[in-house]
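You will see two complexes here that share chain A, one where it goes with chain B and one where it goes with chain C.
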Partner chain A sequence: MAYPMQLGFQDATSPIMEELLHFHDHTLMIVFLISSLVLYIISLMLTTKLTHTSTMDAQEIETIWTILPAIILILIALPSLRILYMMDEINNPSLTVKTMGHQWYWSYEYTDYEDLNFDSYMIPTSELKPGELRLLEVDNRVVLPMEMTIRMLISSEDVLHSWAVPSLGLKTDAIPGRLNQTTLMSTRPGLYYGQ
Partner chain B sequence: MAAAPEPGEPGKGKPFKLLGILDVENIPCAWDSILYGSLGSVVAGLGHFLLTSRIRRSCEVGVGGFIMVTLGCWFHCRYNYAKLRIQERLAREGIKNKIFYESTHLDPARKQTNGGSSSN
Partner chain C sequence: MLGAECPKPCKGKWTTPPFDPRFPNQNQTRNCYQNFLDYHRCIKTMNRRGKSTQPCEYYLRVYHSLCPISWVQRWKEQIKDGTFAGKI
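Moving on, here comes the complex of A and B:
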């Protein structure tokens, strides 16, 4: 779950989220180095008395600042595309759960073995017990097996909603008249919150 | 999620972030990369100045050295870290399969023994 003033991601619970965390670290290091370079250049610009009013061309620097950003973008794009295609791999889910968004609750259907349907309402702030989380607790939680690939079919009965669980790296829109699919696999037991 | 500190333990407080963005405490390999990069920057900048006595160019060489050494250490460390994670996953799955399938026909140790005896 998230904690107050949190800026980073939550701990990963699925392999895809672990990959996303590592990609984020990789990209952040590149961003940090570029920011350091820009800060240094700004400090140089602000502390020099030198001026050159008759610059005609600067072929070398222009070559460098064309090729170097292209290399940086390739270094970022390759892991990004790898994870993108990894998310769409065929993985033969063992269980299918359907979820429908309503104003303002989610309904879940487990229909693989026997018909199980239930609604999941958020617990209002005035009814929370001590220790429960505001705006995150619900009356009926979704219980899923761990270390199994699960297919989630997500749609909506009225307006646009979005089914998201940050620690699993999931966010899928619930669109009326459309059925969206996502797969998830939890690598450890626990209680994971989403909105 | 950050665990709450136990009673009697000092709280960890906010993580230290370089330039406000890079959490060097919690990102694997970040702290080592930054330290080696700083060392490389000092060595490159100082070495260039001792050779050429040009201050401004030496500072630029220092900054360039910082970026190159940090990136190099970062990629090297992350590559080894990824290999380690794969080995950990294989070991974890091997232990799990051994526990699940012990004394059954799917026991990994039994499969290896049958393979060895059939070759005799």
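Moving on, here comes the complex of A and C:
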């Protein structure tokens, strides 16, 4: 769950989220490297007394600063595409859970065997017990088995909503009249918050 | 009505609808609707021929797992009223 003064993502609970965390670290490192290089060069430019007023062409450096960014972009794109395709892998789920968005609560349906459905309202701030998280606690939680691939089908009964659980790396829109599917696989037991 | 047995033609106990290659993408609306239509068409055809409707149970299980309860109720009401838009 989120904690005060948090800078990064929440701890990963699914393999996809772990991949996303690594990718984010990799890309952010590239961004920091480029920014610090640019800042360093700017500082060099501003603190020199040398001048050179007759530059005509600079073929070598132009070649370098065309090819090098292209390589950097490819280095960013390849892991990104790998994760994208990994998210769409065909996996046979073991359970199907449907969630319908309403104004302003979620309802969950487990209908593989018997009809089980319930509503899940947010606990108002005035009724929170000490230690509970504001705007995140609900009265009926969604209970899911761990280490099993679960198919989540998300839709809405009225307006557009969005179902998100950051620690699982999930965010899917709930659109009335459309059934969006996402797969979920949690690697450890716990209580995860989302919106 | 819904036991844990997997109706023919699959083997073993029923868990959840398997991956359907006709609907590989994120939008599963058609998957749900198609199975609902297939179930009703199957029932109608089997009844017309006087055969058992047991093979139609598969479609029932799939649409029951995939379709939101409110959608199924609405469609059933429409079928009862004769205003259902699909061809059954």
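In this section, the second predicted complex is superposed on the first by the 195 of 195 C-alpha atoms of A that agree within 3 Å, B and C clash if a C-alpha of one lies under 4 Å from a C-alpha of the other, contacts with A are read in each partner's own complex, and residues count from 1 in each chain.
The rule is simple: a contact is a pair of C-beta atoms (placed from the backbone, for glycine too) under 8 Å apart; a residue touches a chain by one contact, two chains touch by 3 or more.
What you see is a predicted model, and the numbers here were worked out from it, not measured in a lab.
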Contacts of A:Q10 with chain B and chain C, given as first, second, both or neither: first
Which superposed partner A:A174 touches (first chain B, second chain C, both, neither): neither
Partner chain in contact with A:V31 - chain B first, chain C second, else both or neither: first
Broader residue contact with chain A after superposition on the shared chain, chain B or chain C: C
Partner chain in contact with A:T182 - chain B first, chain C second, else both or neither: second
Partner chain in contact with A:L20 - chain B first, chain C second, else both or neither: neither
List of chain A residues in touch with chain C within their complex: 90-96, 98, 100, 109, 111-115, 117, 151, 153, 155, 157, 172, 177-182
Residue ranges of chain B in contact with chain A within the complex: 1-2, 18-19, 21-23, 26-28, 30, 33, 63, 66-67, 70-71, 74, 78, 82
Residue ranges of chain A touching chain B (in the complex, touch as defined): 1-3, 6, 8, 10-11, 22, 25-26, 28-29, 31-33, 35-37, 39-40
For the chain C and chain A complex, residues of the former touching the latter: 2, 4, 14-19, 24, 26-29, 31-32, 64-70
